[in-house]
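In the two complexes that follow, chain A is the common piece, with chain B as its partner first and chain C second.
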Partner chain A sequence: MSLIATLARLEAVESGRAQPLATVRHRHLSERPLVFVPLTTAGEAGAPLGALVGTDRNAPTLLVVPQPRDRDLRFTFLADLAEAVLPYLDAYAADIELTERSETDPETGKKTKVEVELCADAPQLIVPGRAGVDFVRLLGRSMRFRRTAEQDPDAPYPAPPRVPLLGRWFTHYAERARTPGAALLLAATDLLNRHWATGQSSLEDQHLGALLAWIDPPAGEPGAEAALRAELARGADGQLLCPPAGPATDPAFDNRLLAPAVERYDRARQALQAAEDGLAADDRLGQLTAAEREIRRLLAAQLMPTWSAVWRALDLLRELPEGDRAAARWTSDRWSFTGHRDRITAGEPPQPRRDDAVTAATKLLRRERAQAELEAGEALDDPLVMAGRRLSGEAFAGEVVEVTPAWSESKRPSPRPLLTLRTDDAPHLAEGAKVYRSLDGKPQKAEFVAYEPGGALVLRVLDKMGRAKDPAPGSVPEKGDRICWTLFEHEQRGAPKLPDPEATPWTHGGPPGAATAEQPDAPTPEDLL
Partner chain B sequence: MTVFDPGAAATAATEAILADTLHGSARGVVVDSPPGAGKSTLVVRAALELVAAGRPLMVVAQTNSQVDDLVVRLAEKAPGLPVGRLHSSDSDPYDKALDELENVRKSSKAGDLAGLDVVISTAAKWAHVKDVEPWRHAIVDEAYQMRSDALLAVAGLFERALFVGDPGQLDPFAIADAEQWAGLSYDPSASAVSTLLAHNPELPQHRLPVSWRLPASAAPLVSNAFYPFTPFRSGTGHGDRRLAFGVASDGSAPDRALDEAAESGWALLELPARHTPRTDPEAVRAAAQVVRRLLDRGGAATSERSPDPVPLTADRIAVGTAHRDQAAAIRAALAELGVSGVAVDTANRLQGREFDVTVVLHPLSGRPDATAFHLETGRLCVLASRHRHACIVVCRAGVTDLLDDHPSTEPVQLGVTVKFPDGWEAMMSTWDHWSEHRVVWRP
Partner chain C sequence: MRGNAFEAKVKGDGGTELLRLLHERMGEGAEPPGQAPTPDLAAAGPEGRAARTALALREATEAGGWALLDHPMLALEVAGSPAYLEPDAVVVHPDGRWTVVEIKSFPMIDAAADPSKVGAAARQSAVYVLALERVAVLTKGASVDHSVLLVCPRDFSNLPTASVVDVRKQLAVTRRQLTRLSRIEDIADELPPGTTFDLDGQSGASLATAVEAVPAVYAPECLAACELAFHCRGRAREQGTVTALGRSLRGELGSLTTVEEVLAAARGESGDPADPTVAAVRRAAALRAEAGAPCH
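So, the complex of A and B:
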């Protein structure tokens, strides 16, 4: 944690309210996000229990699995979920704009401009917390390899038609969420934690209710008390007033309310199957419906507080203006969405279970690049974030007190003016260190020359001054200008081109294929009871 | 019992490595080298022998200064050898000393250097080289500090390779989360050697058995704490190296610590227990004062390199820290005391460098917690193995309590080879040893 974040947390403790960590919003928020609040069954990994999903805060769709251990009901749930989510995704896939991209011609090796489609906007999924992102990944993993009856008529347990497709989209969204700064799938807690510092530990910050209690406490109440209430307060029935944001449920809810209700549902179902005549069946069907309606009511009561909390979090975040570079990052999200749309249209198979060596390396390089760009971009967008970097010696702001024209020593001298700056910051500058400032949105580079006896520092400007002998107008700072310089680069260099997966070298096991294909574990004596 | 002859042991190891490299059938040879075991000497010798055998060679190192250093060493050994230095297209991309060397050609394009016996560059630059005839042989230096994805980018450029590195130093790291690939044989955030050996377990592996840098007082501790299964010895005996001062001690704690270090090779300058910010002002001042006194007292080092004592100058001293802001704070404190020319840097940047005396700010000093970063074995190993004569550790008391309160809690990943010793154990064993050389200071 940076010094400035620690300071903000201390101030939050003292004042009883969360303190801002940012003055602009560093993630793009869609006009019409899809909020998804899932619940899972305790002790049964990957068995969804229910969910609220929708784009209208006043009209969520409630999906429920009345008996989570019944795989048919689980499939029904997933099919309903696909019907709730896929039309939302499809609407964005159809709305495109045309743009140009340079591509290398595989035959001539020359770069040519080609016209390509880019979706005008991308669908955005919001879940309450990080566990929600993991649950989306898990659902994606459990659905994308299923086969529908249409794909494989011999499949013993065919999946409902659109379920594998939803699995591929969920997988793509969860994978994209691992890219720093990406906004296709966001957790409300992550969004809030990026923009506010609370007076509690970062572990406690994962609790959406407690987090909101710090950021927007009820009138007059200190954040710490409101947060404690959100975490622990229970009603007369012993149930939490602010249920966990899921997907895990509160054990007290599971034991006292859910388990008896599911049992009633099971009994009603058995009774219906045992019914001997139509009249009795009608009656028992009514009981079954009532039992199911009861489970729906219970789950809705658990989900609704979280549903409202997510929308409230979005309201709070919308009050901040969006950072310039957050919008630019959203464009990469649109490319990501368009790319996956194209892969599905082209009939490519679902994402593999594991990345091959080249894909893994490519992803890691891209994410590292995104991380560096995100850190630089947030600082450049936001003076409060930049203040943190200045405090840690990675940037400094200062006033230009003198500009000395100078030129490089070459046959065609280029301008290399010297700037003398006075700053109160304490940057970690070594001799020859490169520093950067933003000049009309482009980075201009300078190098640190020396400290002057009075403590002022001297920089030599190195680029962005045009080709002429004298610097282009406006390209060199003037006396009296106050400028913020960073020790980190604003843009990242192009990553090297890795070999094609078919050309994976011997050091990395050679091309992926039959030789490396995974074999099931051989049975061992322990496997047989 | 036979007497251990370090020279003979080292020669035997080198001969075996060269035999496998020049005449073996395996595509790769891996050499583990403890700190100061003559890794660079081995790389230069292997390069010369490969060239002599008529095999053009590419050399991959990790940083520009490592590359420049290798070029200079090669030119010293074989001034007539045509060497290519492939560099980036930045301004000032290589050490100006290379311009003095007659047979070194420098270029930012691999094509310009075609046909030269040896071409040297960083892994990052090699990764951009495309469409060239693969080299028959490569030497990969500091291979344990190279990431697996960096090897993936360059492995297509050579047919066979000699991988040399120190497994005990800092592992490569990624600034983005790479947990999803943990346990895969080609985890891109793992070290190049772990991927290489996971896919090619039959490759011959060697190790250099003698550290020429570490004195007899340090080799056993470093070997036991950081290389418990691949022990090494010091190349010199207890009487071979001596550190003496022209000015007598003034009785202060820094002076007593210096005397203890001169006598035994180690000193622990212990400040009172306290939780502090990272740039603990008292510890920073203590470290700076130790350096100041080290210079003021006219230190002189006697070693096997020369019969007469050599004055201990600022360029033979280093201060090592865990964090960059700590290094910056110590640099500022030294400047205040009028000291210049002493290398002050983080463990990452001191890797591969050698000094007579080092002053180390202990990674756990003053901390309220022990995170994986601070417990990383490699970090402490680098800090504790840069010196030829003596090392003075500056630390707040209470490290044992801190360690007791923070057992290692890193998640266990399936398929990931557990690294021994873990940082916790290495911290504890080095601390036990240093406690015997404790000088308590209440500033």
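So, the complex of A and C:
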């Protein structure tokens, strides 16, 4: 945490309200995101209990597993989830625009322009917290190797038709969420924490209710009190007023409300199976439906506060204008979505359990690049983020006090004007260090020459001044201009290319062997998912 | 609960499955165990059970074969008073090595489990290893393995799988922490005479006074581990300590330990400008104001 963020937290403590950490929104938000609030069964790591899912805040779809230990009921849940999520994804997959991408011809080695499809927009998934992202990953892992009756007629427990496909999409989304700055799958708490500093620790910031209490407290109430109420307050029935955002549930809810309801459901089901004539069966079916309705009611009561909280978080975030580079990052999310859509259409197998060495190295490189791009992009979009970089000596803002025309000493002299700047910042500049500023959205490079006796510093501008002997108008700063220079590059250079997969040395996993299809998990009598 | 059911399943059938997993992961060429003796460790009281465990360990080591001790009892001195610990199981190897086995109910999916849970299990096991070492020094030919066997359900099933976890680092940390702990008598000496934390037999108010009498150093990590954390947090917030917002802030803010001090220094109302922390805080405040954060 930078000192600026720390200071913002302390100010939040004093004022009783969260303080802004950003002046623009650093993540793209879809016009129509799909919000997914899952719950898991206590003590059955990973067995889903229920979920709210949907794109309309007033009409969420409630999915419930009345008895989480029952495989058929879990499959029904997953099938219903697939029915709720996949049409949403498909709608985006169909809407495309054509764009050009340069590809290297494998035979001639020449670069050629190829026309490719890019989805016009991508579906966006929002979960309440980081645990929700992990749960999406877990669900993806559990579903993508399942076999449907059509794929494998001998499968002992065939999965409903669209479930493996949902598993592959969930896996892709959860994997993409690991790329810094990606916005396909976002946690509401992460989004809020990026843009506001609360008067509590980052650990407590993982509680969506408490976080919202700091950012948008009820009129006149200090954030700390509102947050404490969100954390601890219980109603007359001993239940939390603000239930945890999941996927884990509150033990008091499990023991006092859910466990008895599930037991009633089990009894009703046994009674139905034991029914001997139609009349009794009708009666008991009624009891079973009532028991299931009761579980649905209980889970809806647990899920609804979180559902509204996620939408409230989105409302708060939409009040901030979107950063320019956040929109640009969304384009790479669209590429990511399009790429996975193409892999599925091409009939490629589901993502493997473990990446091979080459894939892992590529992913790591991409994420490192994305991280650097994100850090630079956020700073350039937002003066408040840039302030943090200025404090740490990675950027400086200063007024131009003098411009001295100068030229390079080559046969055809090019302009290399010298700028004298006065700044209060303390950048870490070594002689010849390169600094960058944004000129019409493109980075212009300069190098540090020396400090003048008065403390002013001298820079030599190096590029973006045109081909003529005199610099193009507007390309050189003028006296009195206030400019922010950064010591970090604005755009990331392409990483060195990895060797072709066939040329991978044995130290790095060697050339890929024959592709072996991943086997589905062997079913056992006590499977959780 | 599922955890107990899983442990019973792993240890079922005389521990054959558990020993098979252990031999597969850390047998190092020894004969496969097959059926191993599981000595009876029942005795009266924790001291009795601890003594019985020590005896069983000695006998098994002398016998020079495999042995599985189910829920042995170990004693460890913590802050001057004995604490009794009950690992899930300890296995004696034919060469006299003792291995702690920890059975957990969180799943290992594709041979990887939740790192924070594995870390907690490793810390827990390190304490068992430490307690076992006290017994091992008194036993001829015995040594304690600094790796423990973590047994978890595999993927989404209830079938056990195991992984060897090296706990040397956790051992060193625990050892150091144990030597640094203040003795319970020393803490008790500082309290007013007659202080008791007994829940029965005193009013809520006097219990609160008793708790107030003990100083606490609150950090947000306490929330995950301690039932008194909300109480300590309230007190830390009242005092305005910066640590209530995170341990790292202490290091960052040096001698400025309260929220009030930091903000006063940032506004230039107090603090020595020559102090690098004060200067940095002022600079940060100025930059933040310049960048358009609302001032007040």
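We take it that the second predicted complex is superposed on the first by the 507 of 529 C-alpha atoms of A that agree within 3 Å, B and C clash if a C-alpha of one lies under 4 Å from a C-alpha of the other, contacts with A are read in each partner's own complex, and residues count from 1 in each chain.
Note that contacts are C-beta pairs under 8 Å (C-beta built on N, C-alpha and C of every residue); 3 or more make two chains touch, one makes a residue touch a chain.
Predicted model, so just to flag it, every value in this text is computed and none were measured.
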Practice item. Please work out whether A:I4 is in contact with chain B alone, chain C alone, both, or neither, and reply first, second, both or neither. Key: second
Exercise for review: Could you tell me if A:P222 is touching chain B, chain C, both of them or neither one (first, second, both, neither)?
Suggested key: neither
Exercise for review: Please work out whether A:G46 is in contact with chain B alone, chain C alone, both, or neither, and reply first, second, both or neither.
Suggested key: second
Practice item. Quick one: classify A:P158 as touching chain B (first), chain C (second), both or neither. Key: neither
Check your understanding: Of the partners chain B and chain C, which touch A:P443 in the superposed model: first, second, both, neither?
Key -> neither
Practice item. Check whether chain B or chain C contacts more residues of chain A in the superposed model. Key: C
Check your understanding: First (chain B), second (chain C), both or neither: which does A:G393 touch?
Key -> first
Exercise for review: Name the contact category of A:G16: first (chain B only), second (chain C only), both, or neither.
Suggested key: neither
Practice item. Based on the superposed arrangement, let me know which partner A:P501 touches: chain B (first), chain C (second), both, or neither? Key: neither
Exercise for review: Mind sorting out which residues of chain A both chain B and chain C touch, each in its own complex?
Suggested key: 3, 354
Review point. What does chain A use to touch chain B in their complex?
Key: 3, 178, 180, 354-358, 360-361, 363-365, 367-368, 370-372, 392-393, 428, 432, 462, 496-499, 503-510
Check your understanding: Which positions of chain C touch chain A when the two form their complex?
Key -> 1-3, 105-107, 109-110, 153, 155-159, 220-221, 223-224, 230, 237, 240, 242, 244-246, 248-249, 252-253, 259-260, 262-263, 266, 280-281, 283-285, 287-288, 290-294, 296
Check your understanding: Quick one: in the complex, what on chain A touches chain C?
Key -> 1-4, 6-11, 13-15, 19-20, 23, 43-46, 138, 141-142, 199-204, 224, 231-232, 353-354, 383-384, 386-388, 390-391, 521-522, 524-529
Check your understanding: Tell me, which parts of chain B touch chain A in their complex?
Key -> 27-28, 91-92, 124, 127-128, 130, 148-149, 151-153, 155-156, 174-178, 180-181, 184-189, 192, 195-196, 198-200, 277, 324-325, 328
